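Next come two complexes built around chain A: one with chain B, the other with chain C.
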Partner chain A sequence: MRRLALLLASLLPLAAQADPAAAGPLTVATQDYKIAAVPMPTVAYPIDIWGQVWYPEDLAKGPYPFVFLLHGNHGICRAPGSMVDLGTTSFPPNCPPGQVQTPNHAGYDYLARRLASHGYIVASMNANAINVRANGNPERGQVVVEHLRYWQAWNSPAGGEPFGTMFSGKVDLQNIGLMGHSRGGEGVRAALEFNRQAGRPFGIKGIIEIGPVDFGRTTSPTLVTTGNPVYDAADTAWSVILPSCDADVSDNQGMRAFDRAFQITETAGPTPKSQLYILGANHNFYNSEWTPEDPGFSCIDFPIITDRPQQEAIGTVYVNGFMRTYLGGEKFQYLFHGDSDQPTSIRTPVAHSYAETPARNLLIDNFQGAFSPMNTLLGGPNATGNIAAVRCIDTGCRNPPPAAWRHDPGQAAVRLDWPDGGTGTPYYAIHVGPDGGGPRDVSAYALFSFRVAAAFDPKNPVIESQNFSLRMVDATGAVSKLIPVTNYKAIPYPTGYGFRRSVLRTVRIPLADFAGVDFKQLTRVDLIFDKQPQGALFLADVLFAPARP
Partner chain B sequence: MLYVANQNSNTLSVVNTATNAVAAAPATSFSPASMALSPDGARLYVSNPNSNQILVYNTANNTVVGSFAIGQTPLGITTDATRVYVALHANAAVAVFSASTLLQQANIRVGFGPSAIAYSQALNRVYVANTLSNSVSVIDPTRIGTSAAPIIGSITVPDSPVALTIAADGRTAWVASSARPTLARIDLGQGTVDARIQLPVSPAGLALSPDQSRAYVTGYGPQVAVVDTRAESVLKTTALPGCPQVRCLAMSAAVSADGKLVYIANTSLNQISVLNAETNELTTTRINVGQSPRAVLVGPAPRTTPSAAEVSN
Partner chain C sequence: MTRRTIFSAFAAFMVFARTMKGAKMTARRPKQSGERRAESDSAGPVLFELTAEERWPVRGLDPVLHIGGTIIDSYRFGNAENTSLIFTCYDASQLQEGAAVFMRYGQDESSRIDFPNFAWSTVKE
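Right, the complex of A and B next:
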């Protein structure tokens, strides 16, 4: 346990940062709204337009940015006064006699009230009519857009029931942020797509998801539904919170949507994408109505968060920080790129992944190429010493089973295992130039970036972080100093609920830290495995990135 | 007769179009959404997406004579001489049942979100509008039960196709899309979209005149747009009586056999409005039906006395 505590201490933030969880200056009011059993052309069954809205009491200072929240699949009926949901009913959203509907949408009061105090109108939608079915995520997206159309009417000069004209002109529907939890995550991504298809009548400036599903790309053999189209987060700022001890979406499917962020084509930008892998967090504590805890409620070799307020603080920091950054224009970007310490209210390690609009990067290798891993996408010949470098993709990365690779089926990596029977210091040298071995000018970029994860392999240290060194070499033969990767990011042994998951995280190193080489004629980046006698890592998405916005 | 599926009261309204009176209101299962008649008009099939069930009615006496459970979220439904085809919205599939035994013969994978479905007798093809895939799948019924794939084509129709109907000659389909309101014409022989008409109504339902010179598109407002299909232009847009809410909807329409009247489900008002197809003006007729009428279907003319065989079913 002492070793675990030491690891935790090494991963925790070192200094305080501005914390978006603090309460704002405005007095907040809240109301429920419900229009029962509304038929929709794009949904086969009637839907309640049911939600709760939190808003600054002084609406005269509006219009305010609009944040819309969507919960996920959960029981929809409970006994009056109880917090224990009884799972299902045959014909949603009807509950059996003597039971009432679960207010699944009310479980985000803790963050909505706080966000509204900073000058936001926040609405949370009830999706009970969709819950307790197989899938339903496209329908969730359709209903989000339908809510937005209702809000469009309530924001019009004429207003409409049940609000009359109190919100007329007070809601900025060109500055919208969406949050989706669990199935709600893919639901809000679907809403983004439906809004795009409709010619973007609503200005969706950002989406953040918590423990989302990704049924469009699921590979789960136990999923009973057919799936749905793949929904990506193109042309908007986007972030995903992955609870490491998620016992519901236990394969952390949301990582797949982040994987695809490196490949989607966007017309707007920059639209930053980030992934926040929260060590110790669980699935249900982000919604205060979701009790009891996740089934199992445990985590392999890591202390699960048992204190709801602690986890709600995480939700408040990142959801509200996201909205205040990408809708409100405040400076909380550090929460998402992870290049600096997190606020003190985050009392658990967070492993960040971060990507800018792909077109702004110089992609050296994503290990998709036919000649990978010994030639990069750009043609440059790589070199290895005393290390096995094997390209893998999808289930090919699950070696040996039941290893924990659950990334997008299109996400490739190179698996590096060392030593490989020799005696020399293991290395993997990535040539950044074209085929034939020439140099490349990378001086226009500010950061060297790659994604890495420890494999579920006994060669890796179980308690402390895996580690290796990096250096750069230019065409003159000049070599930078060796930099330990743990100066920037820990690479811990995989943890998780039920099985261990290798979750790629991004390491971003300022080029300035590789002083001593000429970035106008760079030839190599060397990964030198001199810190641990053995190990097994996945390496992915090696690129040079511009300075962050 | 006019059949109305009332989604929120879980009933049908069977309207005698000679008197505009509701002659019967048989119960359905949960949230009836779509209907189809057998070619001889003797059977009415009703999809119930909230209970994943199809009910079969004897149209002579409006009683349930059969039912079958089906996959996730049955929505559109159509028939040919021997089979019933059901679009399973959440399964991305079309389930095929024998009309005589009600046993399933096939489960055909189509695009995502299949919604509307229709049969062309002239071409012996079934067409399925896939709302989430922006396509229309083409099924060859002769391949069902054989080793050949029953899907023989896919036609791209953008912007979330939600309604599809086939002209009386069986050679042209019209598809209404909701994301950017448009009406597309498909040359079924060629398998291509050869006309697209912008609509003033965010569409939900679609009906064609018997000579296919007019298309009637219903939707939010509530409104109905009358489209001159030959000129490929909107002739007139008519507002229907509104509702107390802010998003009033007319979900569907059906044209009388003689083409003179258009019955429109004014869903938010629990009414059927009637449009004079010659003047394109609303008549004063309003037929009160069950809650949230979603689908309307014109059936055979009223019969006064059912045959003994029909009664025995």
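Right, the complex of A and C next:
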């Protein structure tokens, strides 16, 4: 137990940081809105434009940034006073006599009210009209855009019902943030795409998703093909919160969208992408209208958060921190790159993955190359000693159940297993230069970055973190000191709901920590497996990155 | 016991499944005019109704009925209590006699519920 406590302590925040969950100075008002029976081009029946808005009571200081929230698939009817939500048998969906509509959109009051107190107008949409049916995520995106069009009208000098001119000129629709939960996640990504196709009439500066689906990327023959396009988060700051104990979107589909962020083409930027894998968090507690997880649910290895306020604090920190960083220009980037401790209100470990806009990085290897893992993407020859290095992709990275690899089907990695029958210290040396073995100038970069995950394998320690050392070598033969990876991030044994997921997390090490080598003529980075007698790791996305924002 | 043996036992223990109390499946063909079809007539749809003593949850992942290699993802609730879930297979020619039948939400193996193998003789007119 002592070792477990030490590991947990190493994962938890050590020092207080600025916390975006704190209440702001502004008094907040809120109001419902509903425009009945609006025709939608891709929905077979008219739907209500229904939502709730939270805003600073003193609108005179506007315009304010606009944040739009979209819930996911959930029951839409309940008995008065009940929290048991049900689907309906009819379309358009109507609740039977004796039941009322579930206010799914109201479940984000806890974070919306807090964000509005910092000078944001926050609207949350009710999607009951397109819930309790298969897929429906492109339609969700269409309805989000339709809501934005209504807000455009309410922001115009003429205004419109039900608000009159109350919001005229008060809503900054060129500074929009979207939050989508569950199917709402893919829904807001769809809205981003529809906005792009329309010539970007709305300025969507950031998207954060919670436990999202990614139906467009279900390529395996054993899966349902929804026909959705693959929605990526190009040209906008983007983050995804993945609950490790998600009993609903139990395959953490949102990590696929993050994996793709390393490869998407962007014209705007910088638009960083991040992934926050929250240990112990569940799917439903991020919406206060949603009842607890499936009672048959349990979470492997790590206790599920049973305290709803604790999880709402996580939602408040990251959603509000995201909006205040990427819309408001405040300095909460540390919440997303994870290079420093998280605020004390986050009482559970968070595994970060982070990617700058691809064009800002120097990608050494993503293990996609034909000669991987013994040559990098750039051609440089790698070397190994007493270690098995095998490239894998998609199902090739999976162990038999209960091990799981839920990354994007296009995500490649190298699996490193040591020892490999020898007696020497195992190593994997990554050549950073071009084909032919020459050096490379990396002095324009500030960080060495890679993603790593422990495999579900008895060679790895179960309680303590896996560990290894790194060093750099330059063309003169100068060698930096050895640095243990756990100085920066723990590499814990796989956890997760139902299956043990190997989730890649980002390790970012300042180049300054590799003092003693000439970064203008760097030849290689050595991974030396001298900390544990045996182990099995996945390594991915090895790159040099610019300084922290 | 070796470390690997302990590990394997632990691994086997960890794959678990939720259950739906009283889950049953019935199949029927929607009423249509004209002569009665042969049992294995492949024309037209077949409805599969899954009933249980508790409600089928509404989740981010859709419920999907698998009959052999056939994936049936068109569904609706059959009653207001959500204890009935009706899947529609629009092309009955895809249904193979003796095929294994299960339902699960998306890829969530822990939600998987197995039913008796498909038999045309159980499809009611």
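Criterion: the second predicted complex is superposed on the first by the 526 of 549 C-alpha atoms of A that agree within 3 Å, B and C clash if a C-alpha of one lies under 4 Å from a C-alpha of the other, contacts with A are read in each partner's own complex, and residues count from 1 in each chain.
Here is the rule we go by: a contact is a pair of C-beta atoms (placed from the backbone, for glycine too) under 8 Å apart; a residue touches a chain by one contact, two chains touch by 3 or more.
Nothing here was measured: the structure is a model prediction, and the numbers come from that model.
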Looking at the overlay, does A:S250 come into contact with chain B only (first), chain C only (second), both, or neither? second
A:P439 in the overlay: touching chain B, chain C, both, or neither? Say first, second, both or neither. neither
Give one of first, second, both or neither to describe whether A:G380 is in contact with chain B, with chain C, with both, or with none. neither
Looking at A:V38 after the superposition, I want to know if it touches chain B, chain C, both of them or none. Which is it: first, second, both, neither? first
Taking the superposition as given, does A:Y150 touch the first partner, chain B, the second, chain C, both, or neither? first
Of the two partner chains, chain B (first) and chain C (second), which one does A:F194 touch, if any: first, second, both, or neither? first
Is A:P138 touching anything from chain B or chain C once the two structures are fitted on A? First, second, both or neither. first
Under the contact rule defined above, give the chain A residues that sit at the interface with chain B and also at the interface with chain C. 133-135
In the complex, go through chain A and note every residue touching chain B. 35, 37-42, 44-46, 90-92, 133-136, 138, 146, 149-150, 153-154, 160-161, 194, 197-199, 225-229
Over in the complex, which chain B residues touch chain A? Could you list them? 7-8, 30-31, 33, 49-51, 72-75, 89-93, 112-113, 115, 131-133, 158-160, 162-163, 178-180, 203-205, 219, 244-247, 249, 251, 267, 291-292, 294
Per the touch rule, the chain A residues reaching chain C in their complex are 72-75, 85-89, 96, 99, 131-135, 182-183, 211, 213, 222-224, 248-251, 283, 294, 296-298, 300, 401-403, 456, 458, 497-500
So in the complex, the part of chain C that touches chain A is made up of which residues? 3-4, 7, 11, 14-16, 18-19, 55, 57-62, 64, 71, 73-82, 106-111
